[in-house]
Every structure is written in C-alpha cells, then in structure tokens.
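Presented below are the structures under discussion, each in the form of structure tokens.
One chain, chain A, links the two complexes that follow: it is found with chain B in the first and with chain C in the second.
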Partner chain A sequence: MPDTAMTLQSPLRLALRRVWRQGGARFGAAVLAIMLFAAVYAPFLAGDVALVWRDADGWRLPILSDLFNKSSYGKHHDLLFNLAALLLPVLLFTGWLLRRRWTLARRILLGCLVVAVGWGLCQLPLLPSAKGWSAIWSLRGPATETVAVATEARAADRAVIAVFPPVPHRFDRPYAGAVLRAPLERNPVTGARLWLGSDANGKDVLAYLLFGARISLTIGLVATGIAMVIGTILGAISGYFGGKTDLLIQRVVEIMMCFPTLILVLSIVAILGRDIFVIMLVLGLTGWAGTARLVRGEFLAQSVRDYVLAAESLGLPRWRIMFRHILPNALTPLLISATFGIAGSVLTESGLAFIGLGDINAASWGVLLDQGRSFIRYPWIIYAPGIAVFLLVSSLNLVGSALSDALNPKGAR
Partner chain B sequence: MLAYVLRRLLLMVPTFIGILIINFVVLRMQGPTLKDEISQGSSQGGEGQKIERGIASLESFIARFERSGANLPSLVNTRGFADKADAVRWLRAGERRAGMTRKEEAKRARSELDLWFLGRWYAEPLQAVLADNALAGLHGPASVAFSYAAYIPVQAEDYPPSLSAEQKAEQTPDELAEREERMRRLGGIVVRNAELRDLRVSYHNGEAGFVTDDPELAAKRAKLLAWYERHREDFAHSGARAWRDLVVATGFVKIMGGLFTGDLVSQSRNQNVYELIADRWQISFWLNFLSILSAYAIAIPLGIRSARRQGSLEDRVTTNALFLAWSLPSFFVGTLFLYHFCTPHGGRDPWFPNRAMPADADTLWMSTPRYLLTLGWHWCLPLIVLCYGSFTVLSRYMRGNLLEQLDADYVRTARAKGVGADAVVYRHALPNSLITMITLSAGLLAELFGGSVIVENIFSVPGLGTLLLDAAKQNDAPLVMASTVISVSLLLVGILVADLLYGVVDPRIRNRHA
Partner chain C sequence: MDKLKVALLALVALLLVVQIIDRSREPAQLGALKQSVDQLNETLRRGVVAQVPAGGATQQPVAQAPVKDPARDGNPKLGVNFLIPYDRSYFRADQVKGTLRLFEESPKGLNWMIENSATAADVHGLVNDSLCDRPALHPEQWSEVLATAVVISDDYKTYTFTIRPGITWQVPTLAKDMPWLAKPVPLTAGDFAFTLQMIRDPQVECPQLKVYYEDIDRWETPDDQTLIVRWKRKVYTSLSATMGLMPTPRHVYGSDRDGTPYPGEQLGAQFNKHWFDQARQAIGVGNYVLEAWEPDKTISFRRNPDYWGAGQHFERIEWDGEVKQPDPQLVAFKNGQAHSHGLRPGQYKSEILDHNERQFAALDPKDPKAGRAGSLGWERVKSIGFSYIGWNMRTQLFADKRVRQAMSHALPKQRVIDEVFFGLGEPILSDVHPSSQYANKELKAYDFDLARARALLEEAGWRDSDGDGVVDKEIAGERLPLSFKLKYYANSAEWDRTLAIFREQLRTIGVDLQAQSFEWKELLRIYEERDFDAVVGAWRTDFDIDYFQLWHSSEADKPESSNHCGFKNPRVDQLADDLRTTFDTAKRVAIAKEIQAIIHEEQPYTFFKASEGIFVWQNHGAPSPRPRWLDGVTEALDKLHPLRSRSSQYWRFKE
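The block that comes next holds the complex of A and B.
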C-alpha cells in the first residue's frame, strides 16, 4: 500500500523522484548545474572589467553595466546569459515563493520567458542617446574600468581601488607576451596566473573554457530545440493522419536520415558565413529525423486509444487533439531523446570545429582542441577543452540514461 | 515477400532522388568556386583590359565548366525560351552605374560574370541585340557575350592520339579516314573559335555604363552578323528543343549522366571521380572492417558476461566504464593518442607513427609478414579510436537483449528440465537475443565503405573521409555527388537487407509481409 503522499503525485513526478535516487543522475545533474552556473556567471569569473571600482568619482560596480555592453560581448547569446546572471537570484526566489501554486515546468518556462523578454527589450531602441533612440545593448562604448586602466592609474600614483574577477583576462583577448604558457605560469602582461595556461594566440584557456560553456550549452539547447519542434510537428502529423500523408512524410524523414550532414553543414556554412548561430541552425534542421520517427510511433500507438476517440467525437479541432491530448502522453520519450540530443549536438559541433569547420570567432571548445592538435606539444590545450566536452557530454548522457531507466518500464532493471 | 521487396525498392527511388537533388542544390548554392577564381583574377586592372586579358582564361574556364555542367543551371534550364528582351535584361544587369552600393556592385559583378556563361541558347537573342540599331550602346558587351555563347570548347583529350609512321601503316583506310575527318572537324572548330575571338568589340563599363568606343565597331558588327548567318543552323531554336533542354540540359542531369556512364571528372583534381574513389576506398574499407570486427568481437562477449553476472561488481564496473567511454569524444581521444604516443617526448622516440600509412619507399622491399606487421603498427591507434565508441552501444544492447531472453518462460522451462547453465545461455537464449542485433546491422554496409572523417583527419589516413572532406571544402560537385550516390545507395540497401534478414530469422515478421 503506497502512502498518501506518493499517490497524490503525478507519474512524471514519481519518475523524476526515481531518477533522483540514482547516483549517476545526481552526479550528472550536479556537473550540469556547475557548468550552467559557470556559463551564466562567466563575466564575474573571468574578464578584465572590475567588479568593484573606486576612484575620485566614488564607488561603482562597473561589471553590472558592462553586462549590457555589446562592445564587450559581441554575440547575442552572451546577452541572454548576462541577463540570466542578473535575474537568476530574483527568479529563483520567486520560483521558491510560488512553489505551492505552480508546477515546476511552469515556473521554469516562466523564468525562460522573463529572460527572453528582457533580451528583446535590450535589443529594442528604447533609450534616448546622442544619436537618437538606441538600444541599451548597443549604447555603450568599450569599458573604462579595466585591468589596464587600473595598472596605469597605479603607475601614475592615483588612488584607485579595484576588485577584479578571479581570472582577470578577457576570453577573447590575445596577450601577445603570453603565447603558449604552461598552466600556473604568470601572464607577463597582467601579472595574473594563467591557471590552465594560454593558447597559441595568447588567450587564457580557463577564461576561454568558461565562455565556451556558454557556446556549448546554447548550441545544445538551440539545435535540439529546433530539431524537437520540427520533429514533433512532422511526427505528430505523420502518426495521427497516417495514409498518404504518412507515406510522404516518411520519405522526407528517410531523406533526412540518409543525408550526409557534413556536406550540408559545409555548404550552408560557406553560403551564410561561419557563424556559430548558422551552425546551430544547420544542426537543428538536420537532426530532427530521429525525433520525428519517435513521435510518429507514439502517435500511432496513442491515436487508437479511447480518450482520443472521445475527443474526436466531441468534435474538437484536430490540432487540439494532437497537441493538447496526445502529445502530453508522448512527452516522456521526447524528454529522453532531447537529453541525448543535446549531448549529440554538442559533440557534433565540437567535431565540426575540430575538422576546421567551426566559428573561429566564437569561444568554441572544438576550435581550441583543433588548435591543440596543430600545436601537439602543448598538452593543456588538448586536455582542457577535451575534458570540458567530456564532462558536459557524459553528464548529459548520465541524466539521459537515468531518465530512460526511470521512465521506461522495460528498462527498469 | 517479393511484393514487399518490390514495394520497398520503389519507395527508395523518391528518397534517393530527393537526397541527390537536395545535395546538388545545396552544393550549387555555394556557387562554383571557379567563378570566384575568375572574379579574383580579373578584379585588378581596368575594365577594358580585363576582358582582353581574361579571354584565354575565360575560354579555358568555359571548357572546364563544360565537363561537369557547372555552366548550366542546377535543375531547370529556361534559357531555351530566351528572347531579345531577356538578353537585354542580362546585359543591363551587368552594367555599372554611378553611386552603386557595395552590395549592388557585388550583385552586378556576379551578373556580369554570368553573362559569359549563358551558353548557346543566348547566341540568337544576342545576335538580335546586335542587329538592332536602337541598342547601339549594348553592342560591345553583346558581341563579347555572343563570342562566349557561341564558343565551342576544344580540349587536348578531344584530339586522336598522335601516331608514328609504323602505327599509321597498321591502320585500315577506314580508320585513317575517320581520323582525318575528326581532325578536320576539330580544325574547323578551332578556326571558328578564332573567328569569334577576332569579332569581339572592345568596350568600357565605367560609371557611365557601357561605352562602346571601338573604331572598328561597324565593320566587326557586320562581320559578326554575317558569321551568324553562316552558322545559323547551329543555334536554331525550336519549341520542342527548348522544352527538352528545360530538364535535360541542366547541371544535375549532366552530373548524373556522367556518374552513370562513368565519365565524370572531378573539378578540383582534374581526374575521373571513380578513379579517385578507387584509389582511396581500400584503406578506408580495411580500417572500417577491422574496427567493426573487433568491436563486435569484444563487445558481444562483454555483454554476455555482464548479463550473466547481472548486478555484480563486475557488471557494474563494465557498464559504467563503457558508459564513460561512450561519452569520450573520438576527436579528443585521437588527439590524446597523437600527443602521448606519436610525439617524441624528452628525446624518446614516439611509440607509434603519426601517419596511418607507411611511406612506400620504406615498405617496397619488405617481406609480406613484415609488411603486415608494419601496417598493423601504423593502424593500431586509428583502429582503437574507431572502434571504442561502438563497444558501449553493442554490449549494452547485447546485455539488455540477453537479459530479456533469460527472463522468458522457455528459459525457465529449460532450466527446470535440468539443462546446464552454459547450455541455457549459449544454446537457448543467445540465438534469440542475436536476432535483434540484426537491426543494428542496417548501417553496417555504408559504414564499411564510408570514411570516418574525424579519425582519418587526425591520423592522416588517405581514405574516403579525407577525400570527401577536401571535395566538399573545395565545392567539387562531381566528386561529392559521386560519393553521395555510393554512400546513400549502400545505406538504403543496408536498411532493406537488415529488414529482410529480420524476416528471415523471425517467421512472425515474414508472415506479416507475405
């Protein structure tokens, strides 16, 4: 006889509880949480803009305004992570307050929505400036409270108090004097330690890895998100309608499954330019075939159930039956395949970057590893990004397989 | 059963064609790199000289394009329906105007380049432009475009091989006559091309647009029109021909035709694509074969072992170790091997070579066993990197299937009858659990004959993977298409064979299809 607390919970919740009981899943989730934290708070951990600054004008927190500075962070996903860094404490607290009212999924979705809206607001021209209305994202020039400025001011005997991030190096700044330094050596330009050494351009590997986590997580989420949306829609249509529609969509799925992705990525990157977002898009657009098959199978099995028949006889519109009635019942396998999909797209992106097809302007782990192979005598450039990819992928795989063990009655052994 | 196979084969056709078309269009969208070459080569210097300087090279480019159909539209060729208005539109699109933005200028430059590759369909419309006195401003570029449209490329390979006196004596009169005829025809084409070259009117394409200031304009134009009258039948249009060319005279059909007749030349390497692939496939095949063999040979016993000792320490250790190996990216492991085993450290020679093929000079005089040993030494690391990733999937699958079978009633019956533990597993449960392993073999065929890009890239294997990567990077449409045709057909056949095998071993499935 199960106790009452258990019977009141939804099957998904029970399954999640089962997942949590597995050591591997807990380890994986912990690693993922640390990576997410490092990615979100990367500017506070590595960067040359001061956290706290005091000069003749008084006290300031320059890092906070620098979070909205396009000249410091060129890529769009950086703004998203910066906003998340600012909003995360508020969101966590609100989520905790609402814990009895709303489900976990709803709270997470709302949090994402808030960050996304904030991202949109930062891109819109809402602030008056010298050049007319402009967006907060493109308003600021280069930051003035940096390591270089502080060193200069101290040399000129001006009283400046500055607290810098633990790694006072920008991830994308090549220090010409510190090329291929071994781990723990000091950067002769700033005097700070290079905890994981520096690469062939003189960039700090640790700072690079921290910002690379942002790229990898974004790629995983965006590429898998696109693939999930396309795959779910096509698979749902295919499985629910059957017949000729099914035959046609299955051909498209088959084309996608057999298509040589490498060539597609190469060509599209050649057409649209080597941008990390283009690569995400291509990975998403080519990776949906498996999802479509999965969802189709689920829909085939579900569409003969009584509740679907009931909904149909009530005259509900078809999209409503498909996406409000059947889809929630097919969510669990989707969740599992999404977890593995994120790991897969992270791997694919690093692999592509490794064979020289990555975005060299983005802090991608694969690009660094490719450099490690060209400069084969400097093992830290191989180990650091390789272990980072391995940790991310293996923790995602751990969580994924724990999920599939817990949600799949057949795999319960 | 036969009906089922036929149905499956028929369903493959649209998939196959779909993949090829998408692949080709994507390759084409990238734009032929040869055109980039031309535009780079001709961007220096003034407009008038550029054309003069570019003549020889443009003609050779047209000849190169002709062989792979790169001068034709990708899928639909509407040039057969072109009239004078279309020709004027093309010419105007290439005209420079004052105050063009950078983007407009780039678009204009592309149109102007395309102008030289319009092909024979545009000869008549361009001639109509030249004949029209009202369009005097366009006569210069129209004459140049006409000369390229009517140009017939002649390659060194087109000529019959030269013969010595003795060889000539051996030929029959008919053969000699045919040879004569061929030489005469080629000579005619060369003369014809030379005539066209002389009839080009020089012009300027500056801020003011096209300015034709050739003093011989009137004379050349009259000669050109007369030339066209002489060769009119070569360019005669008819509705039926235009409709045929709509589909047939396209880059896609040209490349596909070349693929099926075996007469397709790679753009970047100037060699027959099948020869290129034939040179490369063996090393990829043997590497893949050995890696798949060792993956199965190691993973299946592992899976059986951990299924029989389910829940024991050994089972847990293998499962977790394999799980971690699964998450290790092969490019990381490969690079680590390269660093630790193939790079000299502190005066010590590396343990393994960093290239997957020994140099020919070293192996030429080796005895066969010694050669094989050397080869094994070179292939050891690439093989490990290739196969460790598939251990996990295979052994997990094996373990899961075997456990499922060991739970079944017939196993309990066998045990109750007193069959020994080994016999229960190897005689009763194992054959049944191997059935489902067949589904994993669907991709095997394509995997065998395809190269692994990453591993071949790390260990510099001269295999199909590196060939494909280079071809795709250089936008070598014929080579990419050839390898796509091979890999996709192998994949489709593999899927079908796996399905059929499934039916062979499992009567329930066979009956469903019948």
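The block that comes next holds the complex of A and C.
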C-alpha cells in the first residue's frame, strides 16, 4: 500500500526514489554523473591553455576566451558543452532557488533551453569587430597563454604565474617524440605525466578519453533523440488512426526492421563520408523502428480509454489528443527504451569506428579502439577506451533496467 | 570421487615432469644445431664477402659471364647484340627441393593482358618468360632470356630478335580431357607476334598496354627463330616495351575448345573471355607450371621439368590468398605458414623496435644487418616508388610557387618518418629513387623550418588581416583565407597520423588544413576530375625514367591524365621530349637532372619519401628448430641491386 504522505509527491519523484533504492542504479547514476561532469568540464581538466595567467600585463583567464575560439573547439557539440560548463553553476543555483515553485522536470527543461538558446546566440554575429559584426564563437588565432609559452618564459626568467589544467595536454595534439609511451611515463615535450600513456599519434590517451566522453554522450543523445522523435510521431499516427494508415506505417516499420542495421549504416557512411554528425544522423534515422512499434502499442491501448473518448467528444483537435493527452501516458516505456537506445548508439558508433568507419577528426573512443587493434602490444590503447565504453554502456543499462522496474506499475513496491 | 581427483592430479604432475625433462634436453640438441648453423653461416658469409668487392653490389661487374664480349654489357646500343649472356651461375641443381609458401592476394583472373593486376603479372612471371630481362644485379641493363640476341637498327626503330631454339610450351593440366592440348608445341617467333597482334587488336580490352604499343609500325617473322619489330618513330619507351615482350600460346588462344582455329576477325573478341582463362588455366615456357588455382584460397605451382633455363630452387610454390589481414598474416608467418613476408610500420615497431617477438633479433643501430641473426630474419629493404602531397596549381591558393615552397618547409618529413613510419622510408626531393643513376644529388632540401615558411607566405602576400588565426590575401577583389582540404586514401592509418602532424604544424603558421579521406574509387575520380586543392598520392616508378606522363603540359589539360596538379613549364616540356628520343645514358642522366632541378624549384609536389619496408623470412632453426628454413636470402640481400634484393633466385631450403 502506498504511503499517504508519498501520494502527494509527483510520480516522477516517486519513480526516482524507487530507482535510487537499487544499488546497481546508484552505481550507474554515479558513473554517468562523473562522465557527464568530465565531458562538460573537459577543457578545464585537459588542455594546454592556462586557466589563470599573470604576467607583466596583469591577471587574465585565457581559458574563457579559448572556450569560444573556433580554431580550438571547432565542432558544434564542443560549443554546447563549453557553454554548459560556464552556465551549469548558475543553472544549478537557479534550480535550487526555484525548487519549491517548479517541478524537477520543468527546471531541467528550463536549463536545457537556456543552454540551447545560448548555443544559438554564440553563433550569431553579435559582437562588433574590425571587419563588421562577428560571432562570439569564431575563429581566432591560437591562445598565447600555453604550456609552451609558460615554459619558455620561465626559462627566460620572466615572472609568469600560470595555473594549467591537471592534464596539461591538448586532446588532439600529436606531441613530438611521445608516440606509444606507456602509462605514467612523461611527455618529452611538456614534461608532464601521461597518466594513461599516449597513442600511436603521440596524443595523450587521458585527454583524448575526456573529450571522447563528449562525443559518446552526444552521439547517444542525438541519435536516440532523432530516433525517438521519428518513432514517436510515426507510432502515434499509426496507433491512433489505425486502419490503412496503421497498415502502411507498420509495413514501413517492418521494412526498416528487416534491414540489417549495421550493414545499412555501413553503406550510408561509406557514401556520405565519415563525419561524426553524419554518423549520428544515420544512427538516428535507422534506429526508430522499435520505438515506433512501442509507441503504437501504447497508443492502441490508450486510444480506447475514457479520457480519450472524453477529449474526442469535447471536439479537441486530434494532434492535441495525441500529443497532449495520450503521449504523456505512454511516456514511461519510451523513457526506458531511450536509456537502452543511448547505450545502443554508443556501442554502434564504437563498433563502426572499430572497423575503421569512424570520424578520425573526432575524439571518439571507437577510433582509439580501432587503433588499439593494430597496436595490440600496447594494451593501454585498447583497455582505456574499452573500459570507458563498457562503463558508460553498462551504467546506462543499469539505470535503464532500474527505471523499467521503478516505472512498471506492477512492479511498484 | 576423491580418488579420481588424486589420480587426475597425479597424471597432470606426471605429464609436467615429462615435459620438463623434455625441455631440459632441448638446449643440448639446439646447441649442436646452432653450432652447425653458425658454421654454415660463417662459411657462407665469408664466401659472399669474397665475392662482393667494397663499394657495394652496384659497381660489381657481372659474375661469370660465359662469353667475354665487350659489346654485351647490357647497355642498349645500335648494330650489335648487347644482351648480357644468360646467367646460370647461381643455380645449383642438387639444391632443388621443398615447397615455398607465400602470402599473395588472389587475382581476379590469370590473363595478364586483360586483368591489369599485379598478381596476374606475378603468376606469369613464374609461368612464363620474356624476350629479355633486367638482371636483378643491374636492373638498368638487359640480359638474354628467350631471345639469345637482339640487334637494334634504323636509329632505334627496328629490333631484330633471335629466339632461343628448342623450347616447348608447357602442357596444361587440362590436357587430360583435351587430348589435342597434350602434344608438345615448340615456341616460335609467331607466339611473340601473336602477343603484339592481341595488344594491337582494337577488340582486346587492354588499354593499359595499348598506350605503350601505339607507335608500333609492324612486325615480321621471316622464320620461326627471328622476330623483327618496327616502330614508327624513335621513342625510348619502345625499348622496354619490345624487350620485355612475353610470348602468348597461339595454339591455345587462337583455337576454340576442340582445337579448331578461330577465324581472324573473332580472335580479339574471343581473347577477352577466352575459354582457357575461364577454365582457370595459364601456361607459358617458364620455370613453373600452374598446378591449381582455387580463387580466394591458393595458387600452386610445380617446377617445370622441361625448363630450359635455371630458375628457382623450389620443387613447388604455393601462394596463400586466404589469410588477408596484416595481423593474422604476421601470426601465420610466425607459425611457419609462409617463408617470407613483409611487416607494416606498426608491426615493425611492436615486433622489432620494442622487441616483443624474441624470434626476431633486436635492432642494433650500428649494424644494419643485425636482423639476420634471429631465427626469424628481418632486414630493411627499399622498393621503387614514392609518396607525395600534390598541390593543385590551377587553384588560387597554390598558383604561387612560394606558397608551395612554404608548404614543403612546414612538413617535418624526418619526424613523420620516425614517429609514424617508425623510421621506414627515405626523405626524397624528386620523383627519382635516390639510388638511381638519374637522381640529382645536388638539390637542396626544403628543410623543416616554420619561420622560413611563414616568411615565404608573407612574401607572397598572405597575412592574418582579421585576427582569425588564418592568413589571408585579397585575390581578384575577394579576401581568401589560406584554408584548404587535403584529400587522401581512407584506409591508411599512417596517413591519418601524418596529416595530423602536418595540420598541427600548419596551424602554427596560420594555415588551415582539413584532411578528408576517401575510398579508393572516389579518390581515383578526384584525381581524374582534379577535384582537389591538395591531394596525397604515390607513384610506382620504373628503372627507365620518363617525364612525359607526369609533367608534360600537354598532359595537364587532358582529362584523366597523370599530370593532375596542372604542372606546365616550357623548358620541362622540351626536356621531356628530348628524353624520349635520347638513348645515350649520359645524356639522359643530364636531361633528367635538369628536369628535377626545375621541378624542385617549382614544388608542384611536396615530395615525401621513398618506400622502405621490413622484409622478414624464416631464418635458421635456433632457438626453436623448424623443419625447413630459407637459405640464400642474405646472399640475395648482399649481392643484388637494393631495389631488387628480394628476388628469390638465390633462395633455397636448408633442413
């Protein structure tokens, strides 16, 4: 019997409470939180631009400008994460202030919205500059407050105070003479330790992994997001209208399901090129069939419920019934399948990269795994990203199955 | 139950003891074996040293020429037979034994004219012989093979060959079912004429060969042992095209299944999809007979008992096409599934530089021959060919030679060779292999120098005017940033890494390089349609140099030609034309050096490196004795021309 005090709380809060009771889910959530933190704060953890710098010209925070330098962080998802890194403390504080007025879901949505709007604003020409208006996120010359400059200045006996990230290596820089160094060896260029060794390019594996977390999380969220949207719309239409529409859409779903996904993805990537965003798009566009079926089933069951009949007899428009009334009731299984979907996308991307179809310009874990395959005698190249993929995927699965237990009304304890 | 466990444990213990005793006996056996092998190696080495004078193999006179005729030095000249006599000196009939196993890609078909594949050509290299050959010792010269003499006359336009008498065609395995194939057929001049006839036949699909033979005027066979080939004009490429001609069995390819000759007009059409090729057969007059070919699995050859010449010391040769990927191939090689093989740069790093495989001897920086000591031998070998980054001179970015020179100054060749290719490769300055007589040694390298590169860009008007970190220049009223896409082949991890390093260097001088990789077919289209700013490429070159195909202006505007960077220089055009009609070696060398100097100044390519590889083979037995290992490999490495040192003529088995 549910506690009377608890019935006053929102269902989401209740479900989260049930999820939290499971040890596996706690572990998964902790790992996910750490990875999310690492992904968001990667430039503060690994990079060769100083966090704080003081020389004859006074104090500076070079990292802040570098976060919006397109030649340092040129990919769209990097900008998103950099922005999130700056906004996260503010958002958390605001969320805490609003804790009594707004629901958790609403506050999370607000946070996402703020970051998304900021992301758009950063790309618009808003700043006045020598050559007209320019965007905040634009190409600038490389930062001058780097490890190399600091070392040089110290050698020349100039007073420089500089605080660097704990891993003073850029994730995409091949350091001269640092090829295939074992973990804990030092980088001959900077003299700093390579905690997880270096790869065959002379890149720091730890820095690479931190930025790889960004790619993996983006792939998971974007690919699953695309699949969810397509799957939900098609599933909703199919389940709500039934009849010939249902027949047609279900045949399309079956055709999609019959395709061996990996081979389909392989051929599309081979044609469109190995861009990480192409890969996300392809994974999203090919992965919606399962969701469509799931949503269709829920809609079939819900569309004969009394509240739907009531809404229909009130003459509400169909889209409103479908997406405002039925969908929230069908969201539970969708949420669970999304969790597994993210894990699946991460795994597929790693698989693609492993067989040599990854985007070598992106710091993807799979690309590192692929390299490890040809350098099998240098095991850190394969263990480091392998364990990272394993941790991310299994945490997602742990959280997913806990959610599934918690949200299943029959399993409610 | 417990008794059973105890019994099992006891059994295991017993087995262990037996194993240990067996192991302890091994060193003694091995020691004896090693001693005898070392002795053998020592004698061999002394023998080799005695034969090779100081100064290396290239200056050595031809060993044991049976006919001492000063004209027969292998260098083409008019009016006399200049062929080096056929060399049998290396061959020891009593040493012929065993099956040589190698990894080789499975070909699509075996007809070397139609297939245009390296493996099909290799099959015919074993099965068939050519009129003349380039000796492995001096690849720039010619020796007799099926032709015992050649006389060039009429200002290098007419070639008269005397064909070796008494040679018969091999009998194909198909002859069991087709009795008409079983009778011996002698090799005649007509078989060479038939090859020419097929190449020239417009119906036969061999465009890659036709270009070399388009200037042929006619050929005659006054008798069975004489072949006369006449060319329309004096052109240097006619030399290797004529001298390297292989015979084609007219009696097979000119007939249908029953042995009935095809009418003349059908010959060409039938040749493209001939029943003999479809029955997976190939015959010739060479050292080996094709025994069986299972596509994607194996091709096996058996020694031709009626072979007229010397050939190799193996009873059989087997090519394994089943193990395809480099890593499984290495494992299979170590297990003895192949007798020789080649290592990738990454494998070289792992197996030899980091010495993860004890069967290979460790690297000794002082001794380049240290790899010969291990039970698996290894040695660094050169191969002909080079790689480069080509700049599209038609684009506004790379039209100025100072920009191209700046790019060359920004590529740290030695660092890339050391860190990406782990030292395999030789930096080059031109398209001629450094060991070739044609190489211009006086060219001054564009050293890695970012300051110089930046200065050159500034001189050419490229400055960062808007502070975006990328230099720009106003061209035709438009501000153009020096940002370009470099296209390259997708499945090359080494180039992925090379370009990552190059991009990093260029970034510091304000040049934005974006590397884009493509599948091979797409890359071919990019070359042909000149759809690039910059592109990575590689050429396999020849011992005869020719500057027409790559650098002549007439090729620059032709679609699909090899001058994809659009190089145009009137002086080079004139020199390239001269080179094609010059047969005198000294004059050719002078012309080639001048061309290289001009190309070096213009830098249409940033020449990167000449290929080098790690050649590995089953060496002597210690410490783990193997039933058979290769002998004579080191002899070949020492004696032969560096680019031909993997030639297997000296190889034989030791037990």
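Here is the rule we go by: the second predicted complex is superposed on the first by the 398 of 413 C-alpha atoms of A that agree within 3 Å, B and C clash if a C-alpha of one lies under 4 Å from a C-alpha of the other, contacts with A are read in each partner's own complex, and residues count from 1 in each chain.
The working rule: contacts are C-beta pairs under 8 Å (C-beta built on N, C-alpha and C of every residue); 3 or more make two chains touch, one makes a residue touch a chain.
Computed from a predicted model, the values in this text were never measured in an experiment.
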item: Fit-or-clash call for chain B and chain C when the two complexes are aligned on chain A; value: clash
item: Contacts of A:L87 with chain B and chain C, given as first, second, both or neither; value: neither
item: First (chain B), second (chain C), both or neither touched by A:G177; value: second
item: Touching partner for A:V189 - first (chain B), second (chain C), both, neither; value: neither
item: Which of chain B and chain C A:L369 touches, first, second, both or neither; value: first
item: First, second, both or neither for A:L285, with chain B first and chain C second; value: neither
item: Per-residue touch tally on chain A - higher for chain B or for chain C; value: B
item: Touching partner for A:A29 - first (chain B), second (chain C), both, neither; value: neither
item: Touching partner for A:A270 - first (chain B), second (chain C), both, neither; value: both
item: Chain B versus chain C as contact partner of A:A153, first or second or both or neither; value: neither
item: Partner chain(s) touched by A:L327 [first = chain B, second = chain C, both, neither]; value: neither
item: Chain B clash site on chain C (candidates 77-85, 239-247 or 257-265); value: 257-265
item: Chain B and chain C footprints on chain A, overlapping residues; value: 270, 373, 376-377
item: Interfacial residue positions of chain B with respect to chain A in the complex; value: 11, 14-15, 18-19, 22-23, 26-27, 29-31, 310, 320, 323-324, 326-332, 335-336, 338-339, 343, 400, 403, 453-454, 457-458, 468-469, 472-473, 475, 480, 484, 487-488, 491-492
item: Residue ranges of chain A touching chain C (in the complex, touch as defined); value: 69, 71, 130-131, 138-142, 172-174, 176-177, 179-180, 200-202, 270, 273-274, 356, 360-361, 371, 373-378
item: Residue numbers on chain C that touch chain A, as the complex places them; value: 326-327, 344, 346, 349-350, 354, 356, 415, 419-420, 464, 466-470, 490-491, 493, 496-497, 500-501, 504, 507-508, 510, 512, 515-517, 519
item: Residue numbers on chain A that touch chain B, as the complex places them; value: 24, 247, 251-252, 254-255, 258-260, 262-264, 266-268, 270-271, 343, 347, 350-351, 354-355, 366, 369, 372-373, 376-377, 379, 382-383, 386, 389-390, 393-394, 397-398, 401, 411, 413
